[in-house]
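Each of the next two complexes has subunit A plus one more chain, namely subunit B in the first and subunit C in the second.
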Partner chain A sequence: MTNARARNLPLLLLAALIVSIQVVLSAMKADFYLTQLTMSAWYTLVALGLCLLMGYAGQVSMGHAGFFAIGGYTAAVISTAGAAPWLSIPTAVLVTAAVSLLVGIPVLRLKGHYLAMATLAFGFIVSRIILGTTLFGQADGISDIPAYKLFAGLAISGRRTFRIQNFYIAWGVVLAGLGLALNLVRSRTGRALRAIHGDEEAAASVGIDVARHKLAVFVLSAVYAGLAGACLAHFNAGIGPSEGGIMKSVRYVALVAAGGMANLWGTLAASAILTFLSLRGAFGLFDDAVFGGILVAIMLFAPEGVFSVLQRKRKTP
Partner chain B sequence: MSGGALLCVRDLHHWFGGLHVINGVEFNCESGAIRAVIGPNGAGKTTLFNLVAGTLCPTSGAIELQGKPIQGLPPHKIAALGISRTFQSTRLFPGMTVLENVMVGHHLAEHGGFLRDMGGRLFNSRQENRMRRQCMEILDGLGVADLAEQQARDLPFGRQRVVELARALASGPRLLLLDEPACGLNPSETEEMALRIAGLRGRGVTVLIVEHDMSLVMGISDRVVVLSYGRVIAEGTPREVQANDEVVSVYLGAGDA
Partner chain C sequence: MGAAQLLQYLFSGVATGSIYAIVGIGFNIIYSSTGIINFAQGEFLMLGGMIAVSLQGFLPLPLAIAAAVALTGLLGIAVQLVFLSWLKKPGILRMIIITIGLSILIREVGLHVWDEKVHALAYWTGDETTSLAVLGARVSPQVLWVLGISALMVIGLTLFFRFTLTGKAMRACASNSTAARLCGIRASSLVTLSFFIASAMGALAGCVVSPITQTQYDMGTSLAVKGFTCAVLGGLGNVSAAVGAGILIGVLESASISVLPLAYKDVVALTIMLAILLLRPQGLFAGVGRRAGPLGRG
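For the complex of A and B:
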């Protein structure tokens, strides 16, 4: 019992932090920040999914923006077509899952650098298809995406009156995504994923079906990305080709690396903070360069992530 | 073949390019016995081992577990049939504690997929507790329960060997394959390891040891197979094998072999 409470306490504290951020910002009449915080939440969901795949299972994906874009564009096409608007997000998630399954089966036979290159190529393909297809609006993207109506008057929408509820919807989904991911990594399946990361041959020797586990976590992390893409497309009322670009994929990898790879909390913190700063324009014209720089710096100076370095500093005075 | 054989290896051949590393090897592992495969370096011991464990697929021949052919199956399926193994240069999972390593070894004893495990303790707390308890019992049985919460890779090599043995036992194998369990151990650790392996006899586990070091094998094995250049050159009890002229010449390099 106490164990279960200790496990859930950090999640409750995060929920409290989310509420207090909203209360303080609203009281300060600065709730325009909530818009970027909401967007940052949806990007953070992608980073959490990638953290499971890359940090825990050890399978690098340099094409996660591709899955984000597949989710976003599927939602955009369906909801602007007019018929059955509620189908947009569920279909987006299913399409992303299906594509990741088809891509994952051949690609996950590769390891290390080869897997990174294959997923990078997948990202390129998605990006070029978007730019070359009129259905996806080519370089202009798709705009005028309607709000996605949920229930009880709630909707995923970027309009001002929906600002506060969307902040809670987005961070609520992130909180749920984090909770599910934390459960997973602390379970039998999670141990199997970490074992695969450590030594595939040894994992197989105790009966773990390595190929099946890799594929499942690949699809799961793509679903996180696809859901985030669909929701952000509705929130922004539009989506453009840069969302599926290589620079976005590199950014997600940088966020997971900065968070400490096999560290869901670290990834959440790194992503929430850095993405928010980026969206506020803190990095100016050098936005993509900053994330590239972060990736290089982390690999050189803190391969275990920023937070574990800070922790070590504190332990050894 | 014989009624009590758990594992039958029949007319097994394996080629690496133009090299005939396993050349018509045949032997049985009797149920509940400790069977050793010895031979000088390059005799094909580790290849034979990898063929049984599924890491390699034999060029021809049969490997049967209780009469069912298993040659060419992938390692995780072979593990599911009840064969587990250790590695020559211990391969514990990094970043995991001793207990977690053993719990990975216990993977096959339980079921459940991604969706249920994402549901967390609400759905899998009994399973988690059961796994934890049973793996602690395995560690306790090997006398290393006190190491449970330590990082496995930080342990001294001799201890890592024991943890790897625990991980292999955690899948509840019928046949346990030990790849040079004495490799890298000092004499007292080797003796300790020999006692641990001999102690498995009562647990219904059949053991197949591949070993370079004669001292470990001769004391605890029921029967020994001697390989040289991919062929079986002798088979019998440790005493018989030790008295065999060809074995002596292979090991001591006498000129008349």
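For the complex of A and C:
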């Protein structure tokens, strides 16, 4: 019991941090920051999913923006086509899951460079299809996506009156996603994933169904991305082709790398901070360069992530 | 479709395909000396094209191209020495991420040193309206330049690897670097040399293709993926098979334009790659796999 409480303490602290950020910003009449913090939450959800796949299971995906775009564009097409409005996000999640299943079954047989190239190619195909298809608005993207009504007057919408509740909706989902991921990592499945990361043959030899576990975590991480894409499309009331671009995929990898690969909390922190700064325009014209630079610098000097370097320093007085 | 039109597709397909093949060979050269797939390979073509475009205002075209090739080659050396040479036994995932990060950085250098516009080098002979009649089809002389330069590079490389001492030493390192070192071969300088060859070749390919396909800062990724397709299709590590694979992809891609919308052109090549990776991971022409194959230890 105490053990479970100790485990949940960080999540409770995070929830408290989220609430206090909102309270402070609103008190300072600076709640326009909440808009970017909300967007950063949705991107962070993608990074968390990728962290499970890349950090824990050791399977690189250079095409995760593709899943984000599939979710976002499915929601966009459905909600602008006049279908029942509640259908948009569930369908987006289902479509993303289905595509990731179809892509994952063959692609996850590949390893190393081949897996990286295959997922890169997948992302490229998605972005080319978006750019070449009138249904997806080609280079213009899809705009005028309506708000997504939840329950009790709540809605995923970027309108000013919805600002505070959307901040809570987004971070609430991130919190749930993080909780699920943390539990997964601590479970039998999580241990199996780490075994697969270490050595697939060895994992198979102790009875782990390697293909099944890899596929499951691949689909789960794609669902995180698809859900984030769908919600952000509703929040921004639009989606453009750059969301599915290679640069975005590389960016998610950079966030997970900066967080320390197999480190969900690190990924959360790195993603929330860096994405927020990027959305505020802190990196100016050098936005993509900053993420490329982070990727190279982290992998060269601190392959265990920024936070591990800090920890190491703290431990050696 | 008339015979002349078919020939037209064939020519443009073979030309773009041979550029993919050069990228694929670039992958092969670095892969066989280091076991690394250099995801920044496509960026060398962009750099070569961009530098030559900038220099053509001051220098005669052949000199501008030579300077672009030399500078990009030096940059390839710099990339290897600064970023990669000092890493001790890095894991594959780490190397993939580093070279992808480098590709983004080089791309951003391209964006900020030049701009986001499309640039084109002058046609090597004549201009965009010049064309030669080959078997009834109208072909730009630049297409012949592309074919000629690619052929020269492939022949040159083959001779280099087969008959020069350095080339033989590089092959020795590729097949067993420990044994090669025991014979007194300095493996580390050969790795640097392989980066020079790959980047200089990429730059030359970038220059010769620039009048036709133009040069833009973000052209590298699609070239890298297609070049990798050639390398895999031919069997990773197999130089001459990559050429055949490149031509096959180029022709299929240019033929796809007559059936599918232009925007889907890239989708064709990439779908071929995915299919090959999954159905015939050892390559179309390969016999025995070397190093780790796509499905694990080879």
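Everything that follows uses one rule, which is that the second predicted complex is superposed on the first by the 317 of 317 C-alpha atoms of A that agree within 3 Å, B and C clash if a C-alpha of one lies under 4 Å from a C-alpha of the other, contacts with A are read in each partner's own complex, and residues count from 1 in each chain.
Methods note: contacts are C-beta pairs under 8 Å (C-beta built on N, C-alpha and C of every residue); 3 or more make two chains touch, one makes a residue touch a chain.
All of these numbers come straight from a predicted model, not from anything done at the bench.
In the superposition on chain A, contact of A:28 is made with neither subunit B nor subunit C. In the superposed model, A:296 lies in contact with subunit C only, and not with subunit B.
Residue contacts after overlaying the shared chain place A:246 against subunit C, while subunit B stays out of touching range.
Shared-chain residue A:6: touches no atom of subunit B or subunit C. The wider contact with subunit A, measured as residues touched, comes from C rather than the other of subunit B and subunit C.
Once chain A of one complex is fitted onto chain A of the other, the partner contacts of A:83 are absent, as it touches neither subunit B nor subunit C. When the two complexes are overlaid on their common chain A, residue A:120 makes contact with subunit C while staying clear of subunit B.
According to the touch criterion, the shared surface of subunit A, contacted by subunit B in one complex and subunit C in the other, consists of residues 201. On subunit C, the positions that touch subunit A within their shared complex are 37, 39, 83, 87, 92-94, 96-98, 100-105, 107-108, 111-112, 221-222, 225, 228, 232, 261-264, 266-267, 270-271, 273-274, 277-278, 281, 292, 294-296. Residues of subunit A touching subunit B in their complex: 4, 7, 179-184, 186-192, 194-195, 198-199, 201-210, 216-217, 220, 262.
Taken in their complex, subunit A has these residues touching subunit C: 54, 58, 60, 62, 106-107, 109-118, 120-122, 124-125, 128-129, 131-133, 138, 200-201, 246-247, 250, 253-254, 257, 285-286, 288-289, 291-296, 299-300, 303.
On the side of subunit B, the complex with subunit A involves touching residues 53, 55, 74-76, 79-80, 84-85, 87, 91-96, 100, 103-105, 107-108, 110, 112-114, 117-121, 124-125, 127-128, 131, 167-168, 170-171.
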